[in-house]
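Each of the next two complexes has chain A plus one more chain, namely chain B in the first and chain C in the second.
Entry: the complex of A and B
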């Protein structure tokens, strides 16, 4: 019993990161109608950003978030100006196809770049307090993962508040709902696209930091994280960031349950099966508007 | 306009088949295995790209789970062939299994539109890949007797035949009522349905044809390689390769995927030889540039150049 409870707990902890990884993708997909399949590669780069800051500058990994987040935001601006800004000029169907193409090309290039810079080895950020565990009623909670979950929630809550109350947050939501109406209402739609993409990339970078602390990174984790994020986006539906976070937790727990029931190698399959079922039965997602 | 396009398409079909016919003499003229292997990979790529082109280019359904059908064809054909079944029935069975699976999931998958269809099929492909790598984790190697009688030229001619088959199939399709219906669907699904095109039936037909060709390509892959991990044939890179080649050449045309496959394989090999360490980086970046500058691929670039010259 306690073994199962422990697995569920670990599932919940990684689920928070699934939610954070998905939030950025959901924002970009919902607002720009662009499917960035290189999202997982952006997460991977964020993770290596932290890895560098920790090993080269001796920073605390959690503190590195304060640098990685703005760097990723800036990276997002650059990517939008260089690539995705051209994609959003096309109509919606062409946008999806072109963004898939550019995403694959980008994923290929970023993966090759990461192999060059950091080799193909798996890496993790090591901290003196990394092994610390909180014991609660027979369960042991790894402290760094708990902190990661809390940070993931804090970031998503901040995004939720930004979208709700910030002037440009409202503009982003209006653009997501109906960009033509938003344009008629005097909203600078292109600026809203730019901001949404930059914020999405920033969140990917932050997710990468947290992945590198509690788990491990390698240049080839990109597709895996893109898929996880896609699953959560479809589970949650577009338009609700808190729903996205909850769906991330749900996916983490569902994977833990299936790993316990069918054995470790099948934890991925369960998530994908749930994903296909939700996609077919309820295409708007569990929290979709 | 339509008739003119049809005549040009027939010309391309004749040119491509003529080139393939010439390639039939290559093993007689050149005894080098590296050359034959290179052409083999190009031919396999043409078949794979053309198979993806049927469902994505003509019917407009961006299927990101294409590797699943390639993998199913490879797995079925390899298992039967090593088990003693003659090659032709084994290949046919591979195509059949791929198509049967496609029809099974197609009804559900085609409830999804646009991006959702794309990511839904991507997930389906990953489900199969993970399951196969869990169930069959061990490398599949040909029995020693088969290795002793291994002839590269046999693989080469099979690849040539399948590439020709895929080109003929797409040429026939694009000239037929069926193909026109698919293109109508691609341009505007509602309008096509209003004009009496049965959307689901046509999409399923496109998927069946596409996956049958992909299954055959998978069988060819299984026949060619002496040893590989069964899950490798399910790797999403097969989907991405097919997609990249088709888009580089020109999606939804007969000759686009062929030109795209030739350029893709050549470019990748050339960059790999020239810049060993950086080739994937350059290749990825180059690809992004092609998509940005030439969204319709080589075919559109050629059409644009023609119009400029005609002015």
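Entry: the complex of A and C
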């Protein structure tokens, strides 16, 4: 019993990162109608950003977030200007197709770049407190993963507040609902796209930092994280960041249940089953508008 | 003063508006009439910058708007209440109104503009926090007009504001237009309810097959047998005012 509880707890902890990974993808897809399949590679790059800052500059990995987040934001601006800004000029159907092509190309390029820079080896960020464990009622909670979950939630909550109260946050929501109406209201829709994409990339970078601390990174983790994020986006639906976070937690726990019930190799099956079930039974997702 | 000259708008190969020339003077109410598919909505969208004209020019207060982005045209003082209202249904009534004042020029007067809209449509003031998709069609149309007003327009364009709305609320919206006009804004109105439109408008244009087929003072057009037959139906001809 306590083994199962421990499994569920670990599932919950990684679920927070699923939620954070999905939030950026959801924002970009919901606002730009662009599916960035290189989202996982952006997470991977964020992880290596932290890896570098820790190993080269000796920064604390959690503190590296203060650099990785703005760097990823800036990277998002650059990517939008270089690639995705052209996609949004097409109508919405063409956007998804074109963004898939661009996204796959970008994913391959970033993967190759990461192998070149950091080799194909798996890396993890090591901290003096990395092994610390909190014991609560027979469960042992890895401290860094707990901190990661808390930070993931803090970032999602900050995003939620930004979208609700910031002037441009409201403009981003309006653009997601109806971009032509947003134009008629006097909103510079291209600017809203740019901001949403940069924020989405920033969140991917931050998720990468947390992945590199509590788990491990390698150049090939991108696809896996894109898929997790995609499952969570489908499960949550578009339009609610808190809902996306909750759905991430749900996926983490569901995977743990699946692994406990059918064995480790079946961990991933839970997500795929959820993916299909939601698409069939409730295509707009649990929290979708 | 809005001056449209030789305007042509096409969707791919299909020409929706051809060689349209018209003006809307400062403080004027002008109606645009015509059957379904005549290109009325296309014309308004082109003026608002949502569609790029293939030929012709759109000038506003001496400035050429033809290649300007839609959000910049709002900033210049032209607002469109689009067909079907096009509100942000998942946001509150007040958020919708606030977004109407997004342009830098309008932002400073946001509080005053909000009060003006609530004074114009008192029923909206009671439902500020309601999600727009929970409002009735008539209330939504009021929000749509209100959102356009929030940008402080000097030309307000409306595409069928009475479509699918209870007659009592239509009256409220048309009365509001008169009041908006009295405050100094010009109004350019596409309306199926021809009698109501011509009752308000000093002048009207008739658009048929994408071309201007007639123009004149509203009262004259109302007497015009052709217009009556085409847009008011046989009943109106027989009954007479």
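Keep in mind that, in the parts below, the second predicted complex is superposed on the first by the 289 of 289 C-alpha atoms of A that agree within 3 Å, B and C clash if a C-alpha of one lies under 4 Å from a C-alpha of the other, contacts with A are read in each partner's own complex, and residues count from 1 in each chain.
Everything below uses one rule, namely that a residue touches a chain if its C-beta (ideal position, glycine included) is under 8 Å from a C-beta of that chain, and two chains touch if they have at least 3 such contacts.
Just so you know, these numbers come straight off a predicted model, no measurement behind them.
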{"item": "Touched partner set for A:97, first chain B, second chain C, both or neither", "value": "first"}
{"item": "Which of chain B and chain C A:280 touches, first, second, both or neither", "value": "first"}
{"item": "Touched partner set for A:13, first chain B, second chain C, both or neither", "value": "neither"}
{"item": "Chain touching more of chain A, residue-wise (chain B, chain C)", "value": "B"}
{"item": "A:178 touches, of chain B and chain C: first, second, both or neither?", "value": "second"}
{"item": "Chain B versus chain C as contact partner of A:109, first or second or both or neither", "value": "first"}
{"item": "Partner chain in contact with A:207 - chain B first, chain C second, else both or neither", "value": "neither"}
{"item": "Partner chain(s) touched by A:223 [first = chain B, second = chain C, both, neither]", "value": "first"}
{"item": "Chain B versus chain C as contact partner of A:239, first or second or both or neither", "value": "second"}
{"item": "Chain A positions touched by chain B in one structure and by chain C in the second", "value": "none"}
{"item": "Partner chain A, residues of chain C touching it in the complex", "value": "48-50, 69-71, 74-75, 79-80, 82, 86-91, 95, 98-103, 106, 147-148, 151"}
{"item": "Chain C-facing residues of chain A, complex", "value": "167, 170-171, 173-174, 177-178, 180-189, 239, 289"}
{"item": "Contacting residues of chain A [partner chain B, same complex]", "value": "29, 33, 35, 83, 86, 90, 92-94, 96-98, 100-102, 104-113, 116, 223, 227, 230-231, 234, 265-266, 268-269, 272-273, 275-276, 279-280, 283"}
{"item": "Chain A-facing residues of chain B, complex", "value": "62, 64, 108-109, 111-112, 114-116, 118-120, 122-124, 126-127, 130-131, 133-134, 236, 240, 243-244, 247, 277-281, 283-285, 287-288, 291-292, 295"}
